[in-house]
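Before anything else, here is the set of structures, which you'll find just below.
Here come two complexes built around chain A, the first alongside chain B, the second alongside chain C.
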Partner chain A sequence: MKKKNLLLARRLTGRHASLWVSVLAILLMLVTAGILLLAMGKNPLAAFRSFLQGCGMLPKENYGGGSGMLTDLLDFLNYLAPLILASLAFIAAFKAGLFNIGISGQMMLAGFTATVLVGYNKALSPVIAKPLVLLIGLVVGGLTGALIGYLKYRFNIHEVVSTIMLNYIISYLTGFFINNNYVDMMTRNSRTCTPEARLTLTNVMIGDLKGKIPLGLIIAILVALLVSFVFRKTVLGFEIKAVGMNRRCSQYTGIRVSRIILLSMGFSGAIAGLAGVAYYLGYTNTIIPKSLPGMGYDSISVALLGSGSPIGALFAAVVVSIFQQGANYMSSSIGVAKEIASLITGILLLFASCGNYMKFRAERKIQQAADLAPRSVPAPAAGKPGDRGVKTL
Partner chain B sequence: MNKVFTDGLSFALPLLIMAIGALYSEKSGVTNLAVEGFQGVGAFFGALAATLFAPLIGNGNQAIIYIAMVCAAIGGALFSCIHGLLCIRFRANQVISGVVINILSVALTAFCTSAANAAISGNASNKFVLDVSSKFTVPLLSKIPWIGGLFTDMYPFEIIIAVLVVVLWYLMNRTRFGMRLRACGENPQAVDAAGANVTRIRWMAVIISGALSGIGGICFAYSLLGNFSPSIYQGFGYLAIAAMIFGNWNIGPTTLACLAFGLAKSGGLQLCIAAKLPSNYTDLFLLLPYVLTLLLLIFFSRKNHPPKAAGEPWDKSKR
Partner chain C sequence: MSDYKSDYIVEMRHITKRFPGIIANDDVSLEIRKGEVYALLGENGAGKSTLMSILFGTYEPDEGEILVNGKPVKFHSSTDATACGIGMVHQHFKLVEPFTIAENIVLGVEPEEKKLGILPWVNIRKANQQIAELSRAYGLEVNPTDRIADVPVSVRQRVEILKMLYRGAEIMIFDEPTAVLTPQEIDFLLQIIDNLRKDGKTIILITHKIAEIKRVADRCAILRQGRLIDIREVADASAQELADLMVGRQVKFMLEKTAPQFRAPVLEVQGLTVKNEHKFDVVKDVSFTVHGGEIFAIAGVSGNGQGEIADAIAGLLKAASGKVLLNGKDITAMPVRERALAGLSYIPEDRHETGTIPDMMLRENLALREYYKEPFSRRGILHQEAFRSYSEQLIQTYDIRCAQGPETVLRSMSGGNQQKAIVGREIEEQTDLIIFVQPTRGLDIGAIENIHRQILQERERGAAILLISLELEEIMALADTIGVLYRGEILKIDAAEKMTTQEVGRYMMGVKEA
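Coming up: the complex of A and B.
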């Protein structure tokens, strides 16, 4: 028993510590969710299986005409694309020590602008419309993000408060314009945009199955690689990380902190804008007025679960999407309210945010074992003592 | 004109009690962005208690509000323990913890509300219907010209909150506990050296913060909304935090900031009604408090003095 505990402790302090923390968080989440489901008198294994079935990862019992496992999988990928982008947006600001809670608002504003300017314009050909949508997303999101960065360094307004205020302002403002000018009388949402502008190709026949091809996913993976490159290989990325670790020290070494704050928030906003167009002009194809996308908050779970790494976020997004996207099918087949998906994401976030504490405990455990039996259990080389308070970047 | 003062006050006071909740936590050195979550969960517990107890003491009996307020305070306090656990025990990043709490609370209350409704009435609706609290008018004071509106159509909870605010001010500024609490936010090492228990003081501050936010939440549910539903998450908690920042982490100025918010909100709405604009335009006026917040923050944030140790986990061995 004791030996097994130490094995886990080694994992949590070793080279791939962040990965193991995420794995542990997911396991703890599954156990908690399982207990919750058991308490409600449901079979947790059946519930988890139906989550996977809803995402096209396991076959369902029966399918309607023209749909199959591949259809569900493509729907899942269609949802995954904006989530990856949104979590990359969070990471871009997080590296500079900033919390972009306003991803939802930035997504909505970018999606709204692109819908109004391009989505309703029937004259544009797809070759022009689709890049234009992306460009509008980048610019609108980037400007919103940069505004938050400006308020932060010029007026010392905490970014969490200003982004939340902007979220509500954007939500009410776009809601007002949609209700006044662009409302679809039947659904009370905004009118759907043209297929030329949409970033998801719908009704594509693959064999005898109808499916959606999400172009946003390609963009999401490209952006993930780009963000990863920027933080690994460029001066800008290094400076952003330095500011995130110690703002004063970076100022002392000659980094222009104000410029970095502005840039990283702009960078983050621009990616959030891309997420917004991928969501509103790809996944939903319509805007529900005054309802901010919950994805902006799920992206925080994804980023924390991926321990702030862009490539990690790709995999973490899959985990979170399975629960969000599979919830509908799970709800209809098992009969648990689909709100449980958000609850599971919240629990996951709770465990993921304790990552540093897990590492700290693991270090202590190894240290204690080494103190008790210095010969039989060699002290590990990795995991410097005293770095437990440092944020992992 | 009177309506502006009446509605403004009934919005400002629940906001104020939440702002003071945030203030207690931050003064003790625990950054608290979780007010939004606390108030929602507190309101959930209050509304659940009201739904459960209403048939027992007779429907329409106003005493239910006081039961709901007590339960909301207890529920908020219990839920705030998660924030305490993450920030104080597990030394997680306090801003992340606040965001986690807010996300978790939205999901938790949505899920529990439909589960509880399914268990009670068999209908899995996402709201608890509450009555709007009864109102009363103070006899003489309401006749004062101009500010008479402040004393017209008051909710009973406004009096409770006003009394609580005075008590909380006294506790913070005139007692030994309050002094130590403030010192924990500035220099916890000094408090430790003086022989007080920093961890315990911070825990108490966070729990007080949760209880106060819960009271604020149930007051909104009973006055502004008339029910408990996901619409309780309208950013009131963040408005409260913004009010606390204007108030420079002091109870007096925070009160003024909350009153300003309340009057801006009700004034905007009355202006919209007076101008006879179509109902679509109310959205434009609803965003007034948020715009006002941003503008005021621009003017007031620069020379602020937040508690020095807020956001840092307490480490006894640190020099």
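Coming up: the complex of A and C.
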């Protein structure tokens, strides 16, 4: 038992520490969710299996005509695409030390603008309409983000405050226009977009199965690579990280902090805009007025679970999507309300945000083990032997 | 054990305290007699503050036990320690700035009364009176209704002492109490400590200044790297002996400094005024000139505008009026980076907040002045190889000790090595002007010697050096010219050899012409 603990501690302090923290967070979440399901009198293993079945990762007992495991998997990917983009948007701002919780609003405004300008225009060919939708997403989201950055450095308004307020403004403003001009009388949502503008190709025949092809997923992966490149390889990424880690030192080295704040919020907003068009002109194809997408908040869990890494977010988004997208099937097959998906995401966020605490405990454990061991074995976390005053106390 | 009657008021037995990566206290045992002044001597990081934080209940020891008045005690927080009659004046004062002196003193032990039998109510007027009496009784004159934000450092320290007295402390711990005081204020404080002893209080004095120990302490425990090295009767030990015990080797007190050779003026500051966010002049109409090959030192008590002068010259703060010339060129309106490129480097006061990005790696921190230039980056793309080779070179040249080489996360390094990294990074720029603010704060004697030698080397090279320090000793040892700053104004500028420590100290307290 003692030895096993130490093995885990080594993992949590080693080179791939962030990865192991995420793995541990997922395991803890599964255990906690399992206990919850047991308390409700359900078999947790059956529940977890039905989540996977709902996402096309395990076969269901029976399928309707024209659908199969692949159909479910494509539906899953269709949901995954905007979630990846939304979490990348969160990461872009988070690296600069900014907490963009206005991703929902930025998604909605970008989705709404693209729907109104392109989605209802039947004259455009898909070759023009689809890139135009992406462009509108980028520009509208980017400008919204830049506005938040501007409010921050010009008037010192905290981004959390301004994004929450903007979320309300966007939600009610778009709701007003949808209800007045673009409402579908049957569903009470906005009218659906043309297939030419939609970023998801529907009713594509693959063999004898009908499926959706989410083009947004390609965009999402490209953007993940781009964000990763910017933060690992470029001067701009270095400066954004520097501002995020220590604003005063950045100023001292001559980085123009206000410019970086504006840029990274714009960058974040632009990606959120892409998430918005992938969501509203891909996944849902309609806008429910005055209802902000929960995905904007799930993206924070995804980013934290991926420990702030763009590539990590790709995998973390898969985990979160399994619960969100698989909830419907799980609910119908074992009879637990599908809201449990959000509960599970919340539990996951809780454990993922304990990552630093876990690392701290692990370091401590290793240290104690090293202190108990014979003196000749140097502790890995300690400074060089003979280096006087390793740490100022 | 509990019935045992002790001669000692405090006994700490076999105390061991570990932090991740370091043993702060390693099997330390002390016995302190009632009514003595007991000094704890050691360099920074020797474990003095940790040991006393354990006695004050801030930390719990991993091993060992504490006895007060012969009875074993276990402190879980400073509240427990206070209840046992232990008080502490921390190095960084724990005061609420917008509150008055009296409010700060009674905070947590408010004299509560019940109005109309039920409504709890603090009788601050009564507290004001009590505190005024207390302060007169001990010669610690304060005005109980002044706000902390409006009073100078020396008064704040008196408030901290009164706080202990108000709580009826019998054992008083002072953590580096003289670090922020002028020589005259130090005299006053040592007098107060002496009075407290005569009144029967037990004093524990944490310090690395041997002169103070010689003046007031009865006994002295020497700590080095967490271990208790020796306990001496102060009357029987010479200053040299104590210094050698503290450092663990022979200490050289004097620096070898060549005669100054001034060259052309490099930095000219003309009528510089800087305002803070409340539109208050923190730097008032300051003018001085620093030549190549000259060390110009600004002396002054902490908080008199030192940091603001440096920040304004480096471009981190805007000048409200006045001019800054570098090599004859007006740089007053230039952004930070252009000033640096024009020939200015700057070792700021705060290593963690300004000088480094602690969560980045050493190699990135060492390249903070260079990363945007070739070969570190080309067309916006970084080249990590250049970072690595540059940092390896600096690690070698400046003897920066780091566990994982260029990849060491800066935060995990010791303060001395962090400072070496900053000094190395800035000196490597080979600029005409180098600003050092508090370059040796919190460093041990070896590191201080090292940095002083580097400052003198840069002077030899012909760089103009602006040295801003709170350590008068440092200024007297290094400066060619001294300017004394008081409340944002320079009261006096003169050649260093024409001024004595006492004179500089007088100007630091705002006495214009004696």
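Of note:
Following the convention adopted for this analysis, the second predicted complex is superposed on the first by the 376 of 393 C-alpha atoms of A that agree within 3 Å, B and C clash if a C-alpha of one lies under 4 Å from a C-alpha of the other, contacts with A are read in each partner's own complex, and residues count from 1 in each chain.
Here is the rule we use: a residue touches a chain if its C-beta (ideal position, glycine included) is under 8 Å from a C-beta of that chain, and two chains touch if they have at least 3 such contacts.
All figures in this text were calculated on a predicted structure; none of them were measured in a lab.
By the touch criterion stated above, A:Y63 is placed in contact with neither chain B nor chain C. In the overlay built on the shared chain, the residue A:R364 is in contact with chain C alone; chain B does not reach it. Judged by the touch definition given at the top, the superposed model places A:M245 against chain C, while chain B stays out of reach.
Looking at the shared chain after the overlay, A:T234 reaches chain C, while chain B stays out of its contact range. Note on chain A: of its two partners chain C and chain B, the one contacting more of its residues is B.
Contacts of chain A with chain B, set against its contacts with chain C after fitting on chain A, overlap at residues 388-389, 391.
Across the complex, chain B meets chain A through its residues 33, 82, 86, 90-93, 95-100, 103-104, 106-108, 110-111, 114-115, 118, 124, 234-235, 238, 241-242, 245, 280-281, 283-284, 286-287, 290-291, 293-294, 297-298, 301-302, 304, 313, 315. On the side of chain A, the complex with chain B involves touching residues 40, 99, 101, 151, 155-158, 160-162, 164-169, 172-173, 175-176, 179-180, 290, 297, 300-301, 304, 337, 339-340, 342-343, 345-347, 349-350, 353-354, 356-357, 360, 388-389, 391.
Put simply, chain A touches chain C in their complex at residues 233-236, 238, 241-242, 245-246, 248-256, 363-364, 367-368, 371, 379, 381-384, 387-393.
Across the complex, chain A is touched by residues 18-24, 43-47, 49-50, 225, 314, 316, 335-338, 340, 346, 348, 353-360, 364, 368-369, 371-372, 377, 380-382, 401, 403, 412-417, 442, 444, 446 of chain C.
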